[in-house]
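Here come two complexes built around chain A, the first alongside chain B, the second alongside chain C.
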Partner chain A sequence: MPSAKPKGPSPFSHWFAIGKPLSPRSRTVLTIFSFIIPLALWSAVSYLPFLWHPDIKLTISAEREGITTIYTRGDHLSREFFPQFEAGVQAENQAVFEARESGEELTPGRRKNLKTLRHISAWGLGNGYLTPNEAKDDKLIYQLWARAAGGDFGTSPKLSPENIKVVKDNWIRIQHIGDKFSSRALPNEALLKLVPQGKRSNPVYLPAPHEVVIAGYYDLFTEQRDPDDPSMWQRALHSMKIVFGGFLLAALVGVPLAVLCGTYDFFSRIFEPFIDFFRYLPAPAFSTLLVAIFLAHDAPKIALVFVGTFFQLVLVVANTTREIDRSLIEASQTLGADQRNILFRVVVPGILPQLYNDLRILLGWAWTWLVIAELIGVKSGLTEFIETQGRWRNFDRVFPVIFLIGFIGFFTDQILSWLRVFLFKWTGETPNAFSRLVASSVSAGPRWFQREVLDQRLDPLAERRNRK
Partner chain B sequence: MSQDSTLPDYKRQSPEVARRFAELKERPVKLDVRSLGKTFDSAKGPVTALNDISFQCHRREMMGVIGASGCGKSTLIRILAGLETPSQGEVLLEGNAVTGPGPDRGMVFQSYTLFPWLTVKKNVMFGLEMTGNSMTAAEREARQWIELVGLSKFENSYPHELSGGMKQRVAIARALANRPKILLMDEPFGALDAQTRASMQAYLLEIWRHIDLTVLFITHDLDEAVYLADRILVLKPNPGEVLEMIEVPVARPRSADQFHDPEFLATKDRLEELIHPKVQTEKIELPIVRMTEVGDDVE
Partner chain C sequence: MKFARFASRALSGLALLATLPFTQAEPLKIGYSDWPGWIAWEIGIKKGWFEDAGVEVDFQWMDYVASMDAYVAGQLDAVCMTNGDALAIGGTGKPSVGIVINDYSNGNDMLVAAPGIDSVSELKGKKIGVEEGFVAHLLALKALESAGLGADDVEWVNVPTNETPQVLATGAVDAIAAWQPNSGQALKTVSGSSPVFTSADAPGIIYDLLYVSSESLEGRRDDWQKVANVWYQIVEYINNENNIDEALEILSARVALSPEEYEPFFKGTKILPLRLAKKVWEDNDSLKSVYGSSRIVNDFNVDQGVYDEALNVESYLDPSFTKAVK
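For the complex of A and B:
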C-alpha cells in the first residue's frame, strides 16, 4: 500500500499556527491592517451609496405652509420622509397654478414672497456663489435668481428640471425689479417655491472620512473660527493638565501607600478593605460633591480623575508589591538588611519594572475619566469643544477631537513602553516592534537634524571622513 | 547490588581519616542544634516537618544533609538561617541562640536569588553595605570575593547576563563577603547541569580549603554529598528525624578520581540504603492495562 502523500504546508499554516508567534514582517503587516480595516469599512459605508445611506441631506429646502418644523440646507431627512416633504411643496405650487387658472390669484403678500425667494440661498451657498455672511443680503439673493434664470443651473447642487421651471416662472414676475432691488417692488401675488432637493447620505452622526479630515485640518491647524475661543492645542494642553494632574496626584499618594500595603500585612488590613469597597463607588457620582468642595475651574476636575484612579491604583500596586519574589527578601535578611533597607533597597527596586507597567495602564484609566471630568463645573478643554459641536450636530468637527484624545493617550503609552526598556536595562527586555516604530518616528526629526546638520555641516572633519 | 559483598564497611576508616575526625571533634562547636522540632499549621491540620533533631557542627566542618523529598531539609536550614522559628528546641551559633536572620549566617538558595537590578559587584557589596562598611571598603572587599570566584570580568554585568553556574558563584561570593560564621546552602547546585555542577563542587572545595569556613549544605545528589562532606546528616520523612550521622571515610584533599574508591562507593551504597530502602524489593505495578497494540511484541 502506498502511504498517504505527506501534505505540503498549506498557505494558511503560516498565518494560523497555534501558539507560535508570527514572523516580524507578518506582524507588521497585520498591525497595519488592524488600522486599515476599520478605515476601509468607514470609507465603504460613506462612499458606496448602495451600502447604507438611509438619509437625504438637503441641498435645497423649502418652508411648508402651516408647518412649524423648518428644514434648511444640510439637514438630514429619512429616505421615507423626503418624498412626503417634496410632495407637500409640489402641492403648494400646484395650488398656486390652480388659483392662477381660476383667475383668482393667491396673494400671500410681499413678505411671504421675499421669504420664498430667499430659499435660493442654499443653492448659491452650495455652488459657492455666496458666502454664509452674504446669505441675508436680499440684493444678492435677487442676483442669484437672475443668474439661474440666465441659464446657470450650478453643479452642486444642480437645479432639477422642475426647479428650472420654477425659476423661469418666478423670474417673469420679478424680472422688472432690476438692479435697484427693493422688497417693496415684489409682487403680492404668490411666487412658486423651489422644490426640495437632496442627496443620499449617512446619518449626521457618521460623517465621511474626507469631511472629518477637512474639519480636523481647519480646527487643528488653522486659526480658530472664533478668536475668543482657545485654540485646539491650548485645549489639548488643558485636558492633559487635568489627566496628568489627577494621575500624578493619585500616584504620589497611592504608590507609597500601596507599597506599604503590599509589604506589611498591617497596612494591608487597615486600608485595603475600605479601598476595595470604595472603588465600586462610581467616580462621576461624586462630581457635584467635588464641585461643592473644590469650586469651579480645574480643581474638581483633577479631583475627579484622582478619585477615579487612586483606588484602583492602590489595589493594583499593592498586589504587584505582594508578588515580589519572597526569596529576594529572605536573601537580603540573611545579608543583614533591616526593615528600612528591605523596603527601600529590595522591595522598591524589585517592583519598579512592574510598577512602571501598572502606572502605564492606570494612566490609560485616567484618560477615560477626562471627558466626565471636563464636563463638571465649568466645561473646558477638548470636551467642551466636543460638547458644543456635538450639540450643533457638527459631528465632522467632533471626530477629529475624539481621535486627538486617542492619539495623545496612545502615543504617550507607546513612548512610555519604549522608554521602559532603557529605564530597566537589567530586565534584559527588548522593546516591541511597534513601540520602537512609534518612538523612532517621534525621534526621527531630532536624529535627522543631528546627522545631517550637526554632524555634517558643522563638523569640520565630516567631509574628510566621508571621502574615505 | 552485586558489588555489596566486595565493598568494605563504610564505618571502617583509614588511620589518616580517623585522625582527621578525632581532630575535627576537638575543634570548637560552631553550630549546636538541640532537639529541634517544627510543626506547620496547614489547612489539613498540623504537619510535623521536623522532630527532635539534634547534631553539632564543628569549626571548618563541611556537613551534608540528605534525605527523601519532603523530609524537612529546607525547613531545617531555614530554621538555622532564622527565616523560620522552631516549634521546639533551639539553635545555638557559637553558643548564642539564633532568633532571626542575620549576616552571621550566610545563605545560598537553589534559586540564585541575586538582586536582578544590581550588577555583580553591587550584589556582592549589598551585604557589606548592610553591615556598616563604607562604600569604598565594601567595593574593595567585594572585588576580592568576585576574584575568588573567578568573575572579575563580569563585575559590571547584570544577573540576567550570567549563566546559572556564574550566578551561583556570585551568590556564594555575596554570602561569603559578610564573613559569616557558617555558610548554609539549600541544594545550591541542584538547578545546574552535571558538568557545571562538577566544576562548582570543585570551586566550593577550593574556596573551603583557602578560608576558615564552616559549611552546611543540602543535596539530593549522593555523589555530591560523599564528595564534599566530612559528615552527612541523613534524615527520614514523616516526621523528619535523624536516621544516621555518617562519617565519610574518604580521605582529603578530595578529587574527582575518588568517585570510584571503595570507601566512596561503600558510603554511597549506605546512603542509598537509607534513603530508598524499598526500591529493590517492591515491584512497581502500573494501573494501566495495555498501552501497546496486540502483536506489537515488546517483551
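For the complex of A and C:
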C-alpha cells in the first residue's frame, strides 16, 4: 500500500499560520499592498475600456442653434445620445453648404462666427497648444486655426477627417485676416462648425486617476480662477480651525467635568444620566438652532462640532478615570494624602496615558462632524469647495479634496500616536512601525524638537548624564 | 417745569443715540443667489462701482432659500427675491419693499421632465420635485393649470432647488421645477430630458427684485438710491454688445460655468433697461405690471394657504427709486 506522502510545508503556509503574527517584513509588504490593491482596481476600471466606459467624454464640442444646453470640453454624454448631438451639428453644416450652393449664403454675423472659431480651443487645450489661461485669447485661437490648416492635426485629440475638411474650408475664408487679428475682420457669412469628437469614458463620478492628480495639482498648487476665492490651503486651515476649535472647547470643558465624574460618585450621578441621554440627540438636528443663536459664520460650525463631541467625550473620559488602579488611591490614602492631592497627584497622572489615547480617538470623532458643520449657515472651507464642485459634477476636482481631508486627519493621528511614546515613556511602549514611518517622513521638525529639547531638558537622566 | 425740560433733553439725547447706528454707515448687507438677473450684481461688485458711487455694500452669496432665511432672521438689510416669494415671507415672516426690478423670467424657470415625457399632461400621477412653497412650486402649479390639471393630480417631492439636477438624474422623480443655472444643469445631466413648461409660457408671472427691509430703507434712503443707480449702470454695461465677453467672464465665474455655457441665460432672463423698467412699475392689473403680477401671486398664495388674508401689495413696492435714477 502506498503510504501517504508526508506533506511538506507549502510555500504559502507562513502567510496563513493560525494565530501567529507575520514577520515584520511580510507585514510591511501587506501594508503596501493594502494601498496598491484599491489603486490597481481603480486604474483597471479607468484604463481598460472594455470593462465599463458607458459614456462619451467630449474632446471637441460645438454649440447648436436654438438649443440652450451647451456642452463643453470634458462633458459626458451617454453613448446613445452622442450620435444625436453629432448629427445636429452636421445638419447645421449641411445647411451652410446648401445655402452656399443656392447662391444665398447664411449670414449669422461676426459674433456667431467668433464663437464658432472659439470651439477649436478645446482641441488646443487637449494637445497642450494652449494653457487654460490663454483659452480666452482670440488671437491665439486664430493661430490655432492657422496651425491646423497648416497640417498639424494634433494627437489627443486628433482632428477627424471630417473636421480637417471643416478646418480647411474655414481657413480659406479667414486667412486674409493675418497677424493683426480682430473679430471685426471676421466675415458675416457663416463658417462651418467643428463636429463634436469624444472618447469613451466612465461616468463623470468616476474620473481616472491621472485626471484626479492633474485636477488636484491645479487646485492645490496653482492660482485659482477667481483671486477673491480662498486658496485650497486657506480652506484647509479654515476647516482645521473648525474641527480643532470645536474639539478643544469640548476637551476644555469636558475633561475636568469627566475627571470629577470618574472620581466622585456625586458628580457622576448628577451629570452622567443626562449626558447619557443627550448624546443620542443627533448633533445635525441642532444646526438651524445653532445658526439662529450664533449667526451664520464660524461660530455655529464650531458649536456643532462641540455638540457632536462633548457628550461622548465626558462619558469616555469618565469611564477611563474610573478604571484607575484602586490600590494607588488606597495607598495614597494610607500615606495620608488629602482629597486635593489624590485628585491632582494620583488620579490625573494615573490616567494621563489613557486620556491621551481617548482624546486622540475623539479627535477623529470630531473630524466626522466637519462636513455637516461647514454646510450650515454660510458654507465655508473645504466642504464648500466639495459642495460647489460636486454640484457642477467636477468630480475630478472633488476627489483630491476628499483625500486631502483624509490625509490631514490620518497624519495628525499618526503623529499623535507616535508622540505618545515619547510623552509617556514610563508606559514602556514602542511606536508601531507604520506610525513611525509616517511620523518620521513628515516630522523632521518635531523630531529635532524631540532630540534637542524633550530628551535633553525633560529627561532627568539626560540631565544627570550631561552633568558628568 | 424743570423736570419737563430735563426729560425732554434726556429724550432728545436718547433719540440722538438711537440714530447713531445709521449715521455710522455700516455696509448695507445684501443677500444674492444664483439667478442670472441677480448674478448681474457681480459686475458692479467686481468693477468697484459701489465704491465709486460712495455706498458701502456687503453682498453675501448664498443659496436662494438660505438667503431669505437670513433676511427673515435679521442678518441682512436686503435680499434678492421674486415678487411672489417676497409676499410669502412677508405674510409669514418679515415684510420688505421692492425698490429695483432686475428682470422678468423669460424661460429660465423651467419644469424639466425626464426622457420620455414630452408634455405637462403626461405628468398626471407622476412625481414632481420642487422646493415647496417657493417660486419653482408656483411655476409648476401654473404649468399643471395650463394642462387642466390640479395640485392633487401629481405627487410632490420636496427637494432643495440646487439639488434638483441630481435628484432628477437618480430617477426618484419624473420632473423637477428649477431656475437657471440649476434647470440647465438638469437638462445637461440627464440626456434626453426636456423642458415641458417654462416661464416663457407665462411671462410676467415671475419678476425678480431687490427687496429691502423697511427699517433700513427708512434710515438710509440715500444709500439705497445709490444702489439703484449702480444697478442701471450695470444694465447699460451688459446691454452693450462690446462688453459681452468681459461680462460673461465675470458672471460665469460666479457660478463656476464657462462663458459659453452662460451666454444662453441672457435669453431666458429679460434684464430690464430703465425705460422698460419704468413701464413695469406702472400700476395696472395685467402681468406686464409688477403690481398686477404681485396681485395674482397674492391670490395664489392665499389659495395655497401660504398665508390666510390677502396682503396689501402696494406696501411691498416702491417705484420712487427707479424714477429717481440718474
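Everything that follows uses one rule, which is that the second predicted complex is superposed on the first by the 295 of 468 C-alpha atoms of A that agree within 3 Å, B and C clash if a C-alpha of one lies under 4 Å from a C-alpha of the other, contacts with A are read in each partner's own complex, and residues count from 1 in each chain.
Simple rule for what comes next: a residue touches a chain if its C-beta (ideal position, glycine included) is under 8 Å from a C-beta of that chain, and two chains touch if they have at least 3 such contacts.
Just so we're clear, the structure is a prediction, and the values are computed from it rather than from any experiment.
Colleague: I'd like to know which partner A:349 touches here: chain B for first, chain C for second, both or neither.
Modeller: After superposing on A, A:349 lies in contact with chain B but is clear of chain C.
Colleague: With the two complexes superposed on chain A, say which partner A:357 touches: chain B (first), chain C (second), both, or neither.
Modeller: The answer is neither, since A:357 touches no partner chain.
Colleague: Is A:332 touching anything from chain B or chain C once the two structures are fitted on A? First, second, both or neither.
Modeller: Touch status of A:332: first partner only.
Colleague: Is A:368 touching the first partner chain B, the second partner chain C, both, or neither of them?
Modeller: After superposing on A, A:368 lies clear of both chain B and chain C.
Colleague: Let me test your reading of the model: by the given contact rule, A:392 touches which partner, first (chain B), second (chain C), both or neither?
Modeller: second
Colleague: In the superposed arrangement, which partner chain does A:268 touch: chain B (first), chain C (second), both, or neither?
Modeller: neither
Colleague: With both complexes superposed on chain A, which partner does A:70 reach: first (chain B), second (chain C), both or neither?
Modeller: second
Colleague: Under the stated contact criterion, what part of chain A meets chain C in this complex?
Modeller: Touch list, chain A to chain C: 63, 68-72, 75, 77-78, 80-81, 111, 115, 118, 136, 225-226, 291-292, 295-296, 378, 388-389, 391-394.
Colleague: What residues on chain C touch chain A, complex-wise?
Modeller: Per the stated touch rule, the residues are 60, 62, 70, 73, 75, 162, 165-166, 184-185, 187-189, 191-192, 241, 244-245, 249, 253, 256-261, 263-265, 267-268.
Colleague: Provide the residue numbers of chain A that touch chain B in the complex, in ascending order.
Modeller: Chain A residues touching chain B: 325, 327-328, 330-338, 341, 345-346, 349-350, 352, 424-428.
Colleague: What residues of chain B sit close enough to touch chain A in their complex?
Modeller: 81-83, 100-103, 105-107, 109, 111, 113, 115-118, 126-127, 130-131, 158-161, 174-175, 178
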